[in-house]
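One structure is given below, represented as structure tokens, and several questions about it will come after.
All chains are identified by letter, namely A, B, C and D, in their written order; residue positions are counted from 1 within each chain.
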Amino acid sequence: MPYNRKVMEHFTQPRNVGEMKDADGVGKASNNVDGDLVVIYLKVKDEIIQGVSFQTFGCAAAIASSSMFTEMVKGKSIEAAQRIDKQMVAEALEGMPANKVECSILAPEAFRQAVEDYRQRKESSLRKNGVYLAKE
Amino acid sequence: MPYNRKVMEHFTQPRNVGEMKDADGVGKASNNVDGDLVVIYLKVKDEIIQGVSFQTFGCAAAIASSSMFTEMVKGKSIEAAQRIDKQMVAEALEGMPANKVECSILAPEAFRQAVEDYRQRKESSLRKNGVYLAKE
Amino acid sequence: MEHIYFDNSATTRVDPRVAEAMMPYFDKWYGNASSLHSFGREASEALDEARERTANAIGSKSQEIVFTSGGTESDNLAIQGVAFANRDAGDHIITSAFEHHAVLNTCRFLETQGFRVTYLPVTSVGMVDPELVKEAITKRTILVSIMTANNEIGTVQNVREIGGISHDNGLLFHTDAVQGIGKLPLEVNKDNIDLLALSAHKFHGPKGVGALFVRKGTNLRPLVYGGGQERGLRSSTENIPGIVGLGKAIELSKLELEENVARMTSVRDRIIDGTLVGVTGCRLNGHRVRRLCNNANFRFDYIDGEALVLNLDVKGFATSTGSACSARSTEASHVLKAIGIESEHARGSLRITLSKMNSMAEAEAYLETIKEVVTRLRSISPVAMLSKQEGGA
Amino acid sequence: MEHIYFDNSATTRVDPRVAEAMMPYFDKWYGNASSLHSFGREASEALDEARERTANAIGSKSQEIVFTSGGTESDNLAIQGVAFANRDAGDHIITSAFEHHAVLNTCRFLETQGFRVTYLPVTSVGMVDPELVKEAITKRTILVSIMTANNEIGTVQNVREIGGISHDNGLLFHTDAVQGIGKLPLEVNKDNIDLLALSAHKFHGPKGVGALFVRKGTNLRPLVYGGGQERGLRSSTENIPGIVGLGKAIELSKLELEENVARMTSVRDRIIDGTLVGVTGCRLNGHRVRRLCNNANFRFDYIDGEALVLNLDVKGFATSTGSACSARSTEASHVLKAIGIESEHARGSLRITLSKMNSMAEAEAYLETIKEVVTRLRSISPVAMLSKQEGGA
């Protein structure tokens, strides 16, 4: 399963790696069969992703696609970032071996969880601060 | 089926080849399955083989063993010559591939026929000349 | 004395360009194609390239090529593979009486497993009549297997027509093309072929490596089970140097087909005509026209094939009598029997098979020698007695 | 940068002396061993010599060696061969759960053909308990097949004892010795072996050629049918260069066994001890003592084997995770599962397999690099979260 140069570059020098202590949202996604785990940390301001980082337990494809995914969402609005799926990540990496495309699925999934976490935290902090949102 | 040097020598330079016009006895032996044919010509005097020649249609082993056989019988008494069998020919040739030993069988067989022929001719010529042998 | 090699249907000399292509895979890029590291990647890229070259040479897709250990395994994988995988569909196979033993003995084995096999007769020049194929088809037929060209007498069959008949009847068509590669332009699609067996050492590639073209969608049962290489059809660590050699050899054989065929044909024709004119009591076996460009096969009266071959060998010419594979027995070959040649005539058969490496000068040298050798062997043979027997029979 | 090759259980570099022995058979003595002429004789003499060398190396008779296309075919010929030829005698086979796929998948195939197979469990360090073999034997058992040494974790079995148990019960004993040749002293008679599979590319011979020792009198059904080579057990034009290479390689491996084993053992021990001491969260898979002299197999917490292998490759070390043959799937290998290692731990396995060509300096270079690579990959991995999960599980 030969990876292309771009994948190998993101595998050997991944961008945005590591835990983010002051994240606004944290999400994780795992693949229970293989034990893969991706964690995404977000800093958000005005619905724009100001900062993002990841931690990944997985194969080279999982690491490289996590790295590429974080590069792709940085600076985007949450809404735009949520449209990025495994195919788009694989394309940005200039292709992935057929049996490895699945490995790019965890980063977007963890990202959605992180956004969820961010929304919940925001809601509860709003609540704590006495601000109630109308729910319909 | 590699033949040894001695077999190849008797194959490439067979001794005592050819028809003998004035033979005292001629015998042939054939193998009907493969079509092999060996013809042996004898010149006999006082039960001693004075001359012998052969013609062989057969593989290299058949040719080489015919050649060797004629060398072996030359100068021998008929009685002694009749004791020479395929094994002795193969030994004189310093060995034969296992599946080729059978090919040495025709020369001794043709020789026996030639002796038979010689005896019959002798008997009929004696008869013709008025000499009768006592038969018991 | 330089030996002249005239036994190219038994096996060929590896083309120096092929040997050169193989060498680095022995001690430099020696990885296992399944490995993740750079040695493995070198190996798997070499494998992909060889597969493409092989596919290109016969007009198939890369994924339709399965590498094997040679022609015998390819034939067995095709025939046993189809038979055991399609038992529900039927149990009858059609082949010819003068296939290579890799096909014949596989079919005989299948008979012991409850399959029925029709062995079609061939004409006196070794042609399979396509009409007979048609007639032999039953509701239980699953496979037709007819060789592209015979290894012994060189007859070239109407593969396209027989493949067409098979397809018209919804049957799979396999052809043993082991003798065809490098001598005939084969195109699996145009030629209606579903399974095609080839063997590298017959076209200046290495021994011990072959391939089977398996048309997409064809269901086969593997012969061996293991790590799942070759899409599960042929498990085992891939023989990378061998496969690279096959790929290079088949590419060259395709690129240089026209010139090689022209060259071999002219040398062959000189040999055939020169022998028939120059030696008495000699006839050609097989078809004069529908014949491999590299094959001449004669029968000489009153002399034995082994003696002929050994005597020619002493004189510096490597030839054969009957198929190389049957050289261990002295029986007349099943191919000569199938074309109706019996007893003494089959015994005196001589096969000369050329490659692109043979020259007209070698043909001339042979023509000198064959006369001398036949004369010598007849001088040993009881010719007069044999011709009398024959007249009487 | 020079690559350091640590994946010798996947395949090895051809020894230059082996390559040299093979070369003339590609384009000088390129005859078919069945041919009558001098090219054929050269080939058949080379074949005889290689057969003798192979027999000498394992203490068998020449006539008991059948050349094949590799370990997979040898295993299949042994197991399918015995099963189909002895169906009247029984239908039960005993093997282990962590055999190579060449054995396991052959047994699974035989199950589809009505045979029953017992897959014996192995201990947590990968040993087959001979007592369990004894207990598994039934009246219908015909064959016991236990590998000499495991390709992934290197455990060496009690072959002699298991062979003895088989013989005491009148059963044939087959052993897949593909990983044992050149690393263990094997003697088919002393070791009670009836069938022994080997593959040249695992001991510095060429790919695509192997052998099966078949004790005299053992009845096998062939896998392929054809010209009747190898006493009818393995038809096909013999792969002379490959077989010559196998013969040369196995002779060398026997001659140099002691020094090679000593060398590999010391390098292996440095690698095992250095890794266990130098890297946290790392354990050895397999038996510490009953272990191939060339095998080290670790599991590293919180990192993935593929990532590890690729990162080591970038740093110049060719290694593997799991068996090379299963590298195409991301599942934990059946061997690691069989010794009871599941999920994340199996994921982080690394196999280092040496040959006589590896040096202590290479071990030192690796020890530097492994620390660096594990640290880097853990810095990417959510280690804290994984260790929490684990504590909770």
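In this section, a residue touches a chain if its C-beta (ideal position, glycine included) is under 8 Å from a C-beta of that chain, and two chains touch if they have at least 3 such contacts.
Here the structure is a predicted model, which means the values were calculated and not measured.
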Q. If you take the mean of the Cα atoms for each chain, which one ends up farthest from chain D?
A. B
**Q.** Which of A-D and B-D has more C-beta contact pairs
**A.** A-D
Q | Whole-Å separation of chain centres (CA-atom averages), chain B against chain D | A | 59
Q: Please report how many Å separate the Cα centroid of chain B from that of chain C, as a whole number.
A: 42
**Q.** Distance from the mean Cα position of chain D to that of chain C, given in whole angstrom
**A.** 34
**Q.** Of all residues in chain D, the ones touching two or more other chains
**A.** 36, 306, 310, 327-328
Q. What are the residues of chain B that contact at least two other chains?
A. 1
**Q.** chain D-touching residues of chain A, taken from the complex the two chains share
**A.** 1, 3, 8, 11-12, 14, 17-19, 28, 34-39, 55-60, 62-63, 99
Q) Okay, in this complex, where on chain D does chain B touch? A) 36, 41, 44-45
Q | Contact set on chain B toward chain D in their complex | A | 1-2
Q. Any idea which chain D residues touch chain A in the complex?
A. 302-304, 306-307, 310-311, 314, 327-328, 330-331, 343-344, 347, 379-386
Q: Flag every residue of chain C that touches chain D in the complex, lowest number first.
A: 3, 5, 7, 10-14, 16, 19, 22-23, 26-27, 30-32, 34-40, 68-73, 75-76, 100-102, 105-106, 108-109, 199, 201, 206-209, 223-229, 235-242, 306, 309-310, 312-313, 317-321, 323-328
